[in-house]
Every structure is written in C-alpha cells, then in structure tokens.
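The data blocks that follow each hold one structure.
Shared between the two complexes below is subunit A, which pairs with subunit B and subunit C, respectively.
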Partner chain A sequence: MQSYFKFEFLHFFFNKKNIAVYVILLFFSCYYAMVVAPSYDPIEKVDKLEMEARYLTREDFLNSVNTERMHPSTAYAVMTYPEWNEYEKGRLDALEEHDFKKYAEATSKWYTYSDGMIYKGGDFLFYHPRYYTYGNNYAREDGHFAYLSAASRYEGYAEGDYALSIDVFEERTALQTWQRLLQSYLPFILIVSCILLSADIVLKDRRNPTLLRGFPMSPWRRLLVKGGVALFGSILAFIPLAAGLLIIGARNGFGSLDLPVPIYSHVDKSFSLISLSEFMLQNMALIILWFVLIISLLLLTSILIRNEFANLFIGFAVVIGEFTYYTRGIGFIREVQWYPTSYIQVGQVISGYRNYVYESNALTLGNGATVLSACVCIILLTVFIISNLPKFKQL
Partner chain B sequence: MIELKEIGVRFSGRDVLKDISVVFKPGEIIGLVAPNGTGKSTLMNVMMNYVSPQTGQVIFNNGLGYTSKKNEVKIHQLISMMPDQSDLYNYLSGREHLKIYSSMWNSNKQLIDQTIAALDMGSYINKKTGTYSLGMRQRLCFAMQIVSDTQMMLMDEVMNGLDPTQVEIISRILEKKKSEGKTIIVASHLLENLEKYADRIFFFKNGELELVSDLSPGFEQKELTTIRIEELPDAVSKLLCKEFPELDIQTLPNQVTLINVQGATSQQLTRVVAYLQEHSVTEFNLGKVSLLDLYSMYYQKA
Partner chain C sequence: MLPFLRGVCMRNVLKTVLMIEKSNKKNIAACIIIAVFVFGLISFITTEEKGNLIKERTGDYQSVSSALYKFQIEDASENGDGSDLYKNLVRQQRVISTQRMAARVDRPALYLETSLELADLRDAAFKMDGFQDVALYLPTKTENQLQRVYYQELVNEGKSVSQNPLSFYQFLGYLFGIIGAGWFIFVSIYSCGILIEEFQHTSLIKGYPISFGKYVLAKCSSAMLMVGIFILLLFICSLPLIYFNGLGDSSYPVAVYSGSIEVFTTIKFIGVSVLYMLLIALFAILLSIILNMLLKNMYLTMFVQLLLYISPYLFPGMMAFVPWNPINYLNFSRIFNGETLDLATPAALYMSQGLITIGVCIVIMLFIIKAFFTAGKLKRV
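And then the complex of A and B:
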C-alpha cells in the first residue's frame, strides 16, 4: 500500500494538469496580494475625516439647536447626539494620541450605540451609505450585522493584549486577510481546486492499462490510496496560496493568531469572540471534510460513469448547489442544515453569518461536520460495495 | 500451476474462446501461436481476470480462483502480464519503472540491477522512457516483468521490435526463469525462436487450442520425420507423388513441400533422395517439420 501511495503520489505531481492548477493558484495568490489586497476598501474603516465630519456636524447642531418647542426628530437628536459624540470624540482623541486600545474601546461603544440607535430607531437613521447598494433589499440587516460584528471585534481588541494598529482594525494584516477570504470566495477556490486535482485520479489509469491493472492490490485499496493522494494534493494547494500571504505580511504585517474573531449566534442574536487560530482551525477542519466529500464523490462517479467531464460536472454541481435553493431567510421554513451544500461557504458558516442570512440557528460546525461525514460514509460505503463486486473492473 | 477449465468467451456473437481446458505446469514454457485477432490476448486477459469468461474458470495453485477481489489480489501476487510498451510513462526513467514493479510485487531489489545488466540496459536505464526506441521500450517492459518475479508470467509478443541479439538474450533469460520453476506463457510470431525454447506450443484457431505435437506427431521429439524442400517445381512434385504413392507429400501455401518419411525404411529414404537428385533437386533438408511449416499448413490452407 505504501509503495502504491508513493507511485500515485509521484504521478500526481508529474501530472501537467495538476502542475497547472498549482501554478494558477500561485498566480492568483500573488495577483491578489499585489493588486487586489492593496485596494481593499472596507466600509468599516478607520476614517478620521469622516469621524470629524460627523462629530463636528452633531456638535454644531447641539451648540446651535433651539431646545424650545422642538420637532420630535430634533428632540430625539438632542437626546442621542451627546452620547454618540462622546464616543466619537473618544475615538478621535485616541487616534490623536495613537492610543489604539482606547480607540478600540471607544469604537466598540460607538458601534454598539450606533446600531442601537439605527436599528431600533426607525427609518430616519441609516447605517453607512455603502450598505445601501442598488438591489440590496437587506441593507439594513447587513448594516446591523456589520455594526454588531465590529462592536464585538473592537471590544475584543480593547480587552485583550494585542499589538494593535490601523491595519489590524481594518483587517488588512496577512492572517486577517486570510480570515476575510475564508468568509468570501477562498473556500470555493479551494474546493474547485480539489475537483480539478481529483477529477482524473482514477480515470488517468486508462492511459496506461497494461502497466497498472495487474498490480496485486484490490480496487478498493487502490481507490482509497488514490483518494488519500488527492486529499494530500488538495491540502498542498494551501502552499501556493500562502505565497500571497507572505507578500501581504511583508507589507501590512502578519497580525496575530490570537486576534479576536466575532462569531454570531442566532439563538441569542449576539456575538461572541474566538481567537483567529481557533477560527482558522475550524475552517480548515470543515474545508478538509469538504475535500474528503468531493474526492469520495469523484471516486464514486469515476467508477460509475467513467468520464472526466462527468466528474467535473458533478463536482461543480455540488459547488453551486446552494444557489439553487438559497433565499434569504429560507432557513426559517426549510431545514437547510441537512443539505451538505449549505455548508459550502465555510467561513460564513463558522462565523455564523450563514445562520444570520438563512435565519436558522442550525448551520453550525457540528451539524456541518455531521452532515458532511454522513455523506462521506454513504458514498464510501457505495464505492466499497461496487469495487468489491467480483465482476468489477477498474480499467 | 494454471488450470483453465472449459473457458468460453463470446464477443458480438462470435466464439473467441471455446471450451478451452488445459493445464500449464511449473517449470514450463508455453508458446501460443496464431494470427492476430484470434484470441491469444483474450486468453491471457482471462488468465489475468481482465476479461471475465462467460463459461468456465481459471484455477491457480491450491484451487485459488477469481471468486472474490481478495482472491484476485492473491492471484495477482502469483501471476503477471508483460505491459505494453505504449503504456510506459514517458516522463519517468526506465529505472523508476523497474522500481515501481519491484516494489508493487515486493520482490528482491537486487533483481533490478541484475536484470538491467542481463539485458544490457545500463546505458539508458536512467533516461526518461520518452527518449527510448521501440526496442529499448520492449526490453524495459520485459525487464519490468522479470523484476516483478512472479511465479507465472504471461508475455504477449515479447520479442516485438528486438534485434536478433536481444531475442537471444531474452530467450536465455526465459530459459533461466523456467529452470527456476516458473510457468511462462509466451505469445509470439517469431516461430523459429519459439520452437527453440518452448516446451509446448499451442495453435489457436476458431477459439480452440491445438497442441502442435497433436497436429504433427513427433514434433516435440527430435526424430527424422520429414524431407523439406523449398520451391519444388510442380512437375517434379506431381512425378514424386506418382512415384511414391505410399508417402504423404504436400505442398504448403508458403511453397514448401513436405514429404512425410516418418516410419519409412532407410531404403525408401535413399530412393526418395536419389529420385530428387535425378530431377536436379539438390536443396532439401532431412529432419522434422518446422513450426513455420506447421503454421503455414494450419493457417494458410486454401
């Protein structure tokens, strides 16, 4: 088995298609690090001018407002602006003093207070205008999530002992960039890479049948070894991606694995904090489970359909499967937590964002691991039964 | 030991193998001879279980048969089939191919260098096989099977693309493997060569195996059975038939005339030789019928 693993491993890394996948990942990673990442413009950034403008406008209003016979809106502003400005002033002063801990503390309070005012305050207060994009019917909900998330994150910064900086606040450091990407399209890239790397792991043998089919090894064991090699190769896809991480790290710092990451709980509608290392580990666990599922599925289709395009088609169908039923809030009426495809956006599942948009409290790491593992077991059992049929021929 | 029991294979309504029953013993080289497309490779594929027969079974040592995948693995430890040279990995060296086969069958690692030396492959074995000539590739495929060191070896067209020196070297290695007690089954078109080292030779026709010695009694013994004349004029041939009606005289499609003198007396032999010389036929052999003649007789009948 060990020799066959070595043999498959050798061929996996001599495979031109696989080399191309790694090169493309490396290119993508470097391009992202050098072109896309520097132009990252977060909505919740440290913008001193914006803070000053807000502060001065409100301060000016408070100084000049006539408090007799006020309109209800004016009265509301007079009532809320002093505390709001107090936090804003705290942020500005902290920035002036380069006291990032103090800035984090004030900012956390500012976000909590702002969200409380905007979300519960009716339709005359708004979140940052960039949430209100064309066609987004859920801008208010997006803003609510972002503000509470930021409040929780800044609270973490304020309470912990971290080397804080503007880059940390704006999540520009290498590890935070990785964390952000895990919550956007990085899981897709990794899973698609896994599909591309594994699509021909069984069917490539058809090019050298007389050399391989007499090996004294059962088809089941061969398939297991092939799956193992594909899994190993897919995990190695992290290496070219890490090149971009190094570039970002050299420019913006690497950040710390202890930095807090806010995790949303739909049960009590609040955020709690875990460390970045824990977040990464949970993501890696779920992504590797996805790799195992995809590879198992491709092993099954390879012995059933025996066509590489069919493998690609089925693999990509799994990747985009969630789009066929995803509608915001559908988790409230449908048990989406039992669909494996609901866990494809790994970082968003771990961070709780999928629960928020699905309005479900069941899309958790535990449920994801259970559903994906159950699928893996069913698929591998099917592969085991088929590959042990006396008439089964792998080639 | 390999025992084929009533093996039947049918493709598209045609019997490729028809109730074949035969036993191949250890320490034996078996030759399979037939024109292309007559079922030699199918028979080997059945022995390897690459093709499942519709009827019959293949039984190995201790009654082991292809009844489960577990048994198939055990059987494949015992039997190997020479790979096709077109299936080599062009980006790997010859030595890497040998290492793969050696490690898969967990054979003695020293066999690798011994085989490289025996086949005189040292000058190119570390180069990528993509740079090899047909003969070099063929030698490598043979070497791969030798390093697998299985008890039974199936070789389809092992001598293809080899020069006479290499054919001789490989023949010697086959004889050595035979002396080690291995069962070797060779399908080949190099009939003269096969005749030299094969213990039993089978012809393949209409899905059936025919032992050559059954077709031509005495073929496997070294006795005088035949006068062999190449390109005997028709007129002389007719006269010969008239003069010696008691002898079996036949002209093969390859223009070789065979006079069966098995059991003939020395006087009869002298008369035949004298008669040939009278008719200016001076080039003939006295010996046994060759495999080439039998092939022509068997497959090229009008």
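And then the complex of A and C:
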C-alpha cells in the first residue's frame, strides 16, 4: 500500500497539468497581491471627508433651525442629530489624535445608532449611496447587514487589546484579506483547483494499464489511495496562494489571528464575535470536507463515465449548482440547507451571511458538515460497490 | 536536396505535426475554454443588462452621489456657498437625471445633447480644487474624452445610441474590447511547452529527416494555425447571435485611442484587434521557444511570460520611460482605452507603435532562434 501511495504521489506531482495548476495559482496570487489588493475600496472605510461632511451638514442644520412650529420630520432631525453628531465628533477627534481605540469605540456606537435610525427610520434616511445599485431591491438589507457587522467588529476592536491601525479597520492586512476572500471567491478558486488537479487521477492509468498489474491491490484500495493523494495535492494548493499573503503582509502588515470576526446569527438577528483563528479553522474544515466530496465524486464519475471532460463538467456543475436555485429569501420556503451546493460559499456560510440572504437559520457549520459528510458516505459506498463488481475489477 | 523535394518534406513534417496536434488534449481543452468564454460572455451581457442605458446612467448617478457624500450639503446655486467642484457635481447629477429620463421616455436627441453637456461638465471638473478626493468615483480624463468623441460621432452620423449589445457586430465589438486583457496569457499558457519535449530528448528529433530549424518552423506554423482556429472559433461561436438578434451595425462607432482620440467603425476595430491578436500570438509562441531553450522548463517558461506580462502594472513608470518596449502592448485593450494616459506618469502608447514594436521583436526573435539552431548548439543541448 505504501509503495503504491508513493507511486501515485510521484505521478501526481510530476504531472504536467498539476504543476501548471500550481504555477498558475502562484501567479494569480502574486498578481492579486500586487495589483488587485491595493485597489480594494471598501464602502465602510475610514474616510475623514465623509465624516466631516455629515457632521458639518447636521451641525449647520442644528445651528440654524427654527424650533418653533416644526414639521414632524424637522422635529425628528432636531431630536436625533445631536446624539448622532456626538458620535461623529468622537470619531473625528479620535482620528485627529490617532487614538485608534477611541475611534473604534465611537465608530461602533455610530454604526449602531445610524443603523437604528436608518433601518427603522422609514424612507427618508439612507445608508451609504454605494449600496443602492441599479436593480438591487435589497440595498436597505445590505446596508443594514454591513452597518451592524461593522458595529460589532468595531466593538470588538474597542474591547480587546489589539494593535490597531487604519489597515486593520479597513480589513487590508494579510490575514484579514484572506478572511475577506474566503467570504467571496476564494472557495471557488480552491474547489476549482481541486477539480482540475483530480480530474485525471484515475483515467491516467488507462494510458499504461500494464504498469499497474504489478501492484497486488484491489481496485477499491487503489481508488482510496488515489483519492488520498488528490486530497493531499489539493490541500497543498494553499501554499502557492500563501505567497500572495506574504506580499500583502509585507505591505499592509499581517494583522493578528486574534482579531475579531463578526458572525451573524439569524435566530436572534444579531452579531457575535469569534477570533480570526477560529474563523479560519472552521473555514478550513469545511473546505477540506468539500475537497473530499469533490474527489469522491470525481472517482465515481471516473469509473462510471470514463472521460476527463465529463469529470470536469460534473465538477463545475457542482460548483455552479447554487446559482440555479438561489434567490434571496428562498430559504424561508425551501429547505436549502439539505442541498450540499448551498454550502459552496464557505466563508459566507460561516459568517452567517448566507443565512441572512437565504432568510434561513439552518445554514450552519454543523449542518454543512452533516450534509457534506452524508454525501461523501453515499458516494464512497457507491464507488465501493461498483469497484467490487467483477466487471470493474480491471479499472 | 532539390528545392522541390525540400518543399515536399516540409509539407510532410507539417502534416505529421498537425496529425499529432489533432489528438492533443490541450487543443481540445483550449477550444472548449474559448467556447465557454464566448457563451459565458453572452450570458454575462444578458444578466448584467449591458446596453441598458437606464442602468448605466443609474450607475453614473450613484457614483456622483458617492462623490457628493464627501461634501457638506450647501447652496449649490450660481452664487451659493458651495465649492466649485461641489456645484459642478450637483449639476452633473442633475444632467444625469435628465439623461436617465430621456432614455426612459425614448428621446434620443435629448439624450445625446445631455451626454455632451455632461462630458463638458466633467471636463471642467478635472481642473478644480479637491478633484483628487473624488477622482475614484468619476471617469478619468481619457475615458471622458472617449465618451465625448463617441457621442459626438453619434450626433454627426445621426445614429441611435441604443443598440442591441447581443447583435453580432456589437457583441464582437464588446468581445474584442476585453479579450486583449487575457489573450497573451492564454496563448502563453497554451504554448509554454511547445518545444520542451524536443529539448529534453534531443535524440527524438535527430531521427527526423529534416533539420531541426525546419522542424521548429513546422511546430511554430502548426501552433499559429491553431491560434487562427481559436480566433475563428470566436466568430463561429458568435454566429448564433445573427439568428437570434440580427447582424447589428458594422459601422457603429467605437471610440479608441490610437495616438489621438478617434472613432473606428466596429468592423475596423475588430480588424485591428485580430491583427494585434495574431501578432501577439506569434510573439508569445516565439518567446516560448526562446524561453524553452534558455530555461529548459515549461513551468518556468510560463511563469516568466506571465511575470513579463504584469511587469507594466508593477512598474507603471517604466512605460513612459521605455515606450518601445513590446511588453507594454501585450494587453492591447488597455492601449485602445488609452488607460496608460491616466497613470501617475502618463505614457502615450500608440496603437500603430505597438504593431511595429511587436513586429520588430518578432523579426529579432526569429533571427535569434535561427542563429541558435545554425550555430550547432543543439548538439550540446
């Protein structure tokens, strides 16, 4: 068994296509770090001009308003602006004094207060204009989520003992960039790499069938070894991606693994904080489970259909499966938590954002792990049965 | 050998090479990637509602609102307290609203008129104090000029501003407008291992009845033939659009930077793009051969090529310093957009300059390769 593992291992890592995948990943991670990451422009950034503009507008209004016989909305403004401006002033002053802890505290309060005003305030107050894109009927919900998430994050910064900086606030440090990417397209890149790496792991043997006769192993065990090698290879895909992380770290600092990450809970509609290291570990666990699922699926299609392009097609179908049924709020009427494809956006599942957009409270790490492992078990069982059929003894 | 016989031989080699290429999985995969790209682009245009003027103007409106978010709300009238830039932005916002209204009630003349007014307003804004703070939300100077020229041409030609983006020519115009960003990467990944087997096992080719130089030429021609097929495939995959959405307007204007801001017809734009693509493909293939010789490793070849490709992004200052560097022109979409004019150190890279530079480099590389093979170094490889 060991020698066969070694044999497969060497085959895997001297496979031209696989090395090419690693090289391309390395290139894109460097490209991302050097060209894309510096132009990251978050909506909720530390922008002095915006704060000043809001502050001065409200201050001017308060100074010049005639408080006799007011229109109800004027009265509302007169009532709410002083507190709002107090927080805004706090943020501006803290920024002036470079007191980041104070800034975090004031900002957290500002976000909580703003969200309370805007979300419940009816149709005359708005979130940042960049949420209101064309055709986005959920701009208000997006703003609500972003504001509450920022409030919780800044609260974490204010309470803990971290080395704060503007890069940390805007989530530009290396580890935070990694965390942001896990919540956007990094899971796709990793899973697609896994598909590309393992698409030919079984079918390559058809080129030299005699070579394998020498190994006294059953097809099932052989498949298991192949799966193991592919899993190991897919996990190694993290290494070229880490190169980009080093470049970002050298530029914007690495951040700390203790930094807080806000997690949304749909049950009580609020955020709680976990540390970045915990967030990463949960993500890694789910991603590795995805790798196992994809690899076992590809093993199954390899012995059933026996065509590399069919493997790729089925792999990609799983990756984009969620788009076929995803609609905002669909979780309210459909049991999306039982579809494995609902968990493909690993970071968003763990941060609770998927629950928010699906309006479901069942898309959790635990459910994800259960559903994915169940799929893996079913697929592997099928592979086991098929590989033990006399017809398939010769792979 | 008689010249005639030599010709037959060459043809045979090319035939053999092509036969090998035909069953090469890489070619099939590349063709599939191209087809997926074209169909993906079609679905992207559909889902993103490209060509929906109301959507585009709403995006503009939103950007200006974001810019205005940085200003205290003040009196924006002619004699008001607001700064010049603030007044300008408020007027931009108003003009965009008019545009949006004109698109909604289908008044093309009004739409074009307000578009030109907007371009003028934006042109004035570049010189105002504090522009840098909001530059992120507004088009750059070159983008604005391109827009202006495009609208002016529409007014002159009496053409309609709304075109179906999925009609054949309009789609191809869009496709060739963005393909320049990835074409070199695609060809270099495709060709990075072109001669690696031969360099690793020289005995393989010593058995061939022709010189190695000829063999390389045959390999190169077959690769170029494949590139031709890839480009053809782009057109073929777009053909269904004729049936569904019609041919479109082949003389519809496309604003490009070619040394000055000017207007090409769509068909001319496609022609120039294809020419660029062919030259860049040849450049990439020859570069692959040279790097294969030097590095003897396919992955290093690919990596070096990709690094060369992004070097202008990493060192933007170099572009103005060495405008005759062919690497600057590999992303030709960027040249057509005039993007390099808006960098911190503006570089005026012309379209024709790029063609000449890449052409000259191809000739130089051919000489290098020829010199290498005639110097008998191969025996020592």
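Here is the rule we go by: the second predicted complex is superposed on the first by the 390 of 395 C-alpha atoms of A that agree within 3 Å, B and C clash if a C-alpha of one lies under 4 Å from a C-alpha of the other, contacts with A are read in each partner's own complex, and residues count from 1 in each chain.
The criterion applied here is as follows: a residue touches a chain if its C-beta (ideal position, glycine included) is under 8 Å from a C-beta of that chain, and two chains touch if they have at least 3 such contacts.
Predicted model only: the values in this text are computed from it and were never measured.
S.K.: In the superposed arrangement, does A:387 touch subunit B (first), subunit C (second), both or neither?
M.R.: first
S.K.: Which partner does A:135 reach: the first (subunit B), the second (subunit C), both, or neither?
M.R.: second
S.K.: Could you say whether A:27 touches subunit B, subunit C, both of them, or neither, answering first, second, both or neither?
M.R.: The second partner, subunit C, only.
S.K.: Looking at the overlay, what does A:57 touch: subunit B (first), subunit C (second), both, or neither?
M.R.: A:57: touches subunit C, not subunit B.
S.K.: Please work out whether A:11 is in contact with subunit B alone, subunit C alone, both, or neither, and reply first, second, both or neither.
M.R.: first
S.K.: Name the residues of subunit A shared by its contacts with subunit B and its contacts with subunit C.
M.R.: Common to the two interfaces on subunit A: nothing.
S.K.: Can you list the subunit A residues touching subunit C in their complex?
M.R.: 16, 19-20, 23-24, 26-27, 31, 34-35, 41, 47, 49-50, 52-53, 56-57, 60, 128-130, 132-135, 308-309
S.K.: Using the touch rule from the top, collect the residues of subunit C that touch subunit A in their complex.
M.R.: 25, 28, 32, 49, 54-55, 58-59, 62, 65-66, 69-73, 133, 136, 189, 192-193, 298-299, 302-303, 306-307, 310, 313-314
S.K.: Inside the complex, what are the residues of subunit B that reach subunit A?
M.R.: Counting only subunit B, the residues touching subunit A are 48, 50, 52, 66-70, 72-74, 76-77, 79-84, 87-89, 91-92, 96, 100, 103-106.
S.K.: For the complex, which residues does subunit A have touching subunit B?
M.R.: Per the stated touch rule, the residues are 3-4, 6-7, 10-11, 14, 207-220, 387-388, 390-393, 395.
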